[in-house]
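Both complexes below contain chain A, partnered by chain B and then by chain C.
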Partner chain A sequence: MQEALLKLKNYLLRIFILAGLLWSRLSPTGRAALLILMLLVLTALFAPLLAWHPPDVSSGPALTPPGDGHLMGTDDLGVDLWAMIVFGARVSIIVGLGTALLAGLGGSIAGIASAYKGGWMDRVIMRLVDIMIVLPDLPVMIVLAAFFGPSLSNIIIVLALFSWSRPARLIRAQTLSLKEQPYVKMAAHYGGGFFYLLFRHFLPELLPLLLVNMIRLAGMAIIAEASLAFLGLGDPTSRSWGLIINHAVNFSGIYFTPFWQWWLLYPWLFLTLLVTSLALLGRDLERVADPRLSS
Partner chain B sequence: MSFINKNTRPFYSIPLLLFVLILCAALLASGCTTPEEPGAQEQEPPDGEETEQLEGSVKQDVDFDDPQIIRLEGPNAGFPSPFAHYPRMRGTVMKYIFDSLLEIDEEDYIPWLAKDWEISDNGKEHLVTLRSGVKWQDGEEMTVEDVVFSFEYYQEYPPVFIGEEVMDRDFLISIEAVADNQVKFVTAEPSGTFYGEAGIMRIIPKHIWKDIEDPYEFTEPEAAMGCGPYILTDYSQEHNTYRYEAYEDYWGPDQAVDVLEMIPVSEEVLALESGEIDLSRIPPDVAPRFEENPEFKVETSPAFAGYLLSFNMNDHELFDDNRFRQAFTYAINKEDLIEKTARRGAKPGSPGILPEDHRWYNPQIKHYGYDPEKAEDILKELGVNEEKTFELLVGEGVEVRIGEALKEQLAIVGVDLNIVALDRQSRDSRAFDGEYEIALLAMGSWGLDADWLRIRYASGGDETAGGGSATALLGAGQGFSSEQLDHLFEKQRQKTDPDKRKQIVFEIQELLAETTPEIPLYNGFYYYAYRPDHYGGWIFMFDHPVMEHAKLSFLDRE
Partner chain C sequence: MISETLKRIPEYLLAILIIITLNFALPRMMPGDPFLQISGAGGEVGDAYTAEQREYFMAYYGLDRPAGEQFITYLGELSRGDLGFSYYYKESVSNMILRRLPWTLLLVSAATAISLGAGMALGSFAAWRRGRRSERLTYLMMVVFGEIPAFLVGLFLLVLLAAGLGLFPLAGAMSHYTQFDSYGAQLADIMHHAALPVLTLSLARTGSLFLLVRNSLGTILTRDYMRTARAKGLTERRIRWRHAMRNALLPLITRTAMQMGAMVGGAVLVENVFNYPGLGQLMYDAVFVRDYPLLQGIFLVLAITVLAANLLADLLYKRLDPRIAAEVKKQSTGPGIKPVGTGGRNEDL
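Here is the complex of A and B:
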């Protein structure tokens, strides 16, 4: 029991030290971005505690301005906007995280396999990557989203399908140089199979690079989800930020009324905050992960 | 940089440079002249009336002193002949040019090219007396032959809009000129709707159309020549513009508007404010902005286009039960729906289906009111509990919002709705094929002749009536039938006396309100804003909520 506690303490300590190290190497904008991101993640996690109105049914008159029990006002159905935004943060973060994980891991496994195995597999995977890069993503995503039907998991899958190619190329290039390293060759020589090498050597070594890439993917995915929702291809009854914006923009004559000042502004603001902080953090982490860029 | 010196070869470079310069000059010169030509052409003063396309069509040299010009926002509605226009705008673009036997004002059909319309006692013979002195826009006299020709031609080549009865050769048996100015229509059955259907058919000139075998492709300038108040002087399909001028020798009331133009604009409200257009439909929430401005006048149209909730009675025994649908009627708070999804722009739907603003609306029908407790009681009686989920099919945009609001309202009485949102066309086709449980349907034209109730609710009716647009799908195919209603539907159809017909339609509404085959949620109306100082002659036809579609909006009615 005591041993386990000690172990845990050790782990926690290590994480703290790592976090401290990372924090010390971030620029001020990077730090601000990290803070905002953490705040947004916490908002999403504790959404039921933060919102005192339900996000899916009306809780007041339609289009009430901010104040008066509704922090950010209500939309046309009388649903509290703040509640929709904190619960919508979940959608954005799930889409961002889900796509990044799926595409990042899938892409890197494809990249590593392609580099390590070489030969026909390399050729097939790289041509696939070429095709994916050449395909314009939004039009095809629209078709796929319309075809598969609007649901959150479908959207994540469609987005992941379109974003695995970049990490795959990047990881392949790194793996090509990594596999020439003596210790990898040694491990392979002693009989380490592909999956052993993958999990034991390649992934840990490439993780920082991958993480940076995944942050980028997350930002892109969040925007893409919002665009699809904005175009009316998301789940129309969900409460994602893109959808709130979609409903607001479709309200006839919204710019001639004061309603845009909350109904449109707040979801836009949160979306921008999330994506901008992801981009800033990604930029900083890239520098940290790749020492060549810091000079 | 020594290597440059080494490689420079002055002998070659000077001629080369010259050559490049000359080439450039040549290119420049040619580049300058090419775009100049179309530019020069454009600058040629347009003679104000004609474009290339309309060369050879009717011309008139009229100088209007201080002409009244009205500009309207208009979509591309196709070539303005009765055959070539697009269904949108109800063919308004050609109605300015072509007159019909009857015209429509705020209250009723009024005599137009027909001076008199007599229906025989058995209801099968219609004797129409024509006005004299009507001239086509090319100067020829309009005769009884033109009227006979028009109807015969329409039976052979149906135009974009044509009434069922006018088109049907087995129904409209003969069209005959019985005197110089009289036409006799003979129908197989007495009909109370024939008058309205035939009355609004456009009369076309025989001398132009008699040899035309493909009227749908006939878009020569003379194809847009009628005997109506306006002459088409410019139509550009590419630019989406129409221009009409008042026809000087028009038989009827003076034109209050001399020149009428339709132009595309990107934002109607802004275009109205800047004076680019003279009339605009405005969103309900923007109406106060114009109401507060003394320069503008805001008017609301009759409330016709609406949404209704339809139950697939073949699919569910429960839906076939009158009480279940009534429970829904009690559970739906129409006022709240309007407040949320139509803002100030709608009136609650009538349980008798015909909307409040319909001229034959019966106010004495059973009204349900919002009563969630009663709804809950009925549902309990029927054994509907919260574990049961119904699928609600909705379209896109505001329909999703209506669906969400409905879901919330029905949750109060313990009914769970699962919203399935599709684009409008998929929704319509699914509704038409009967692949739904409960569907939210959008329908325009609720203001038309009450006979549409028959097309929609008579059992054994033609399922394809209504063009598959989900406007007429609830016939036998959807499982609703009522003998009593069927009988009344036929009865009203055959009554030629409008007052007697109206009484039957009143009865029909009472029955519909009792049986609630469908639940009309609300009927939307439009806000219109215009500058009365500039032009204020706008009216609404009794059956249609669009001001600029009324021909009388442009004519002097004094």
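Here is the complex of A and C:
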């Protein structure tokens, strides 16, 4: 018990130090992006506490401007916009996280297998990667989402199917050079199997790079989800920001009314903030993790 | 050099085959069949067709034959340019696509040209002013603009410039019900309508091209031949454009081609922001009324266009880069040195 506690304390301390180290290496833009991201994640976590109106049923007159109990006004059905924004953050974060985990894991397994096994497996996987990269992803995603129905889990699966190729390629390149390292060769020589090497040597070494790449993946997934929702292919039961924009834009004559000043503006603002800060943080972390990449 | 390109052709064929197979398989993987769909619209199960009628139609459309046979028929129809018949609009899909395609092509090609030009100009501006405040500002702007998805930029421009200031039309590709005095006036009208969508797409795409030009120029500037060019007393302009930019051009072409998919995807969204009557808007309409043949036809055309652009870039790249030819020759005699910065697609991690 005592020992476990001590171990936990040690781990926490290590994480804390690492976080501090990371923070000190980030550029001011990266720091700002990280702060905004953390705020948005907290918003999503504490959504029920932050919103005092329900996000799915009417809670006042339709299309009221911001103020007067409705922080960001209401939409055409009288649903509170702030509540929708707060709960919509959850959708974006679930989609981003889910896709990044699925695609990052699948991509790195494919990349490591491709590099380590070589031969026909390498050829098949790399051909697949090449094809995935040239395919125009949005049209394919539109077709798939239209056929399979736009539920949140379907969207995550489709997005993951289209984003594993980048991590796979990155991880493959890294594994290829790692494979030639003397200590890895030695371990293999002493009889270390593929999975031993994978967990003992490859993954720990590749993890930082993978995590950085996963931030990118999350950003792209969030953009893709918002794009699909904007085209009316979002999960209709989840109020994602893209879907709010879709409803607002399809409200006829919205540009001739003042309604866009809250109904369109706020979801746009939050989506842009989230996407931009994710991208800027990803860029900065890439620089920190691999100084070679940012010449 | 030629064999290298030829080696990539099976890959493109495979990609096209995958797309076609996907297109063929998707509607057949759906639960139910088209006649169920038609008779039970909106969730209510009506029996508009009797069992005999259903069988008759299944045989009429060939849906009772084995999948392999259906696939061959499908390929045959595709090769004749027959993309099927739209349920909703009651028109041949190919005709509908041909009517909309020019608008999308206009947007995509104009945006590609503008983003290439802007990327080159700003990239070389930044490479020559590395570290100064103006360069850092440009860098930040480009990175931010490059990361915001096109449709969000488009919404912003639409609200600000079209709805707010009234400088541009809110929707459409040309003014209807108007007589133009001349072709020039009509052309000006079309350009006026296309301005915002093209600007949006170019803004979204310039960022990454800018970074590429800036970085490759950055490495080129440290090369020996740049010093030689300076020592020869060549003018700054000549050094910049003939010696440096020419070498930065090659990765730019690959990148532009690889971005074609993203560009087309962006165009689909941006057309919907600006209600621009291209393929993207048609795709939206097809999704909205669940017109699957139309949706698939558009998808096929977009995918094949992107693949063709990629193949073209591959061919062009090998044409433009004399070092690749030289390297192939060298490799046949001994180990060649891989030219830095021209690794093409494999370099872009």
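Annotations
Methods note: the second predicted complex is superposed on the first by the 291 of 295 C-alpha atoms of A that agree within 3 Å, B and C clash if a C-alpha of one lies under 4 Å from a C-alpha of the other, contacts with A are read in each partner's own complex, and residues count from 1 in each chain.
Note that in this section contacts are C-beta pairs under 8 Å (C-beta built on N, C-alpha and C of every residue); 3 or more make two chains touch, one makes a residue touch a chain.
Since the model is a prediction, treat every value here as computed from it, not as a measurement.
When the two structures are aligned on the shared chain, A:237 is found in touch with chain B, with no touch to chain C.
When the shared chain is aligned, no partner comes close enough to touch A:53: not chain B, not chain C. In the superposed model, A:90 makes contact with neither chain B nor chain C.
Comparing chain C and chain B on the residues of chain A they touch gives the larger count to C.
When the two complexes are overlaid on their common chain A, residue A:138 makes contact with chain C while staying clear of chain B. Contact with neither chain B nor chain C is seen for A:216 once the two complexes are overlaid on the shared chain. Contact with neither chain B nor chain C is seen for A:287 once the two complexes are overlaid on the shared chain. The contact surfaces that chain B and chain C form on chain A in the two complexes overlap at residues 232, 256.
Against chain A, the residues of chain C that register as touching in their complex are 11-12, 14-15, 18-19, 22-23, 26-27, 29-30, 140, 143-144, 147-149, 151-152, 155-156, 158-159, 162-163, 170, 215, 218-219, 258, 260-262, 264-266, 268-269, 272-273, 283-284, 287-288, 290, 292, 295-296, 298-299, 302-303, 306-307, 310, 345, 349. Within the complex, the chain A residues that touch chain C are 29, 127, 130-131, 133-140, 142-144, 146-147, 166, 169-170, 173, 219, 223, 226-227, 230-233, 245, 249, 255-256, 260, 264, 268, 271-272, 275-276, 279-280, 283, 295. Contact residues on chain A toward chain B in their complex (touch as defined above): 57-58, 62, 76-78, 150, 232, 236-237, 247, 250, 252-253, 256-257, 259. In the complex of the two chains, the chain B residues touching chain A come out as 269, 282-283, 285-286, 289, 339-341, 343, 396-398, 400-401, 403-405, 408, 411, 419, 421.
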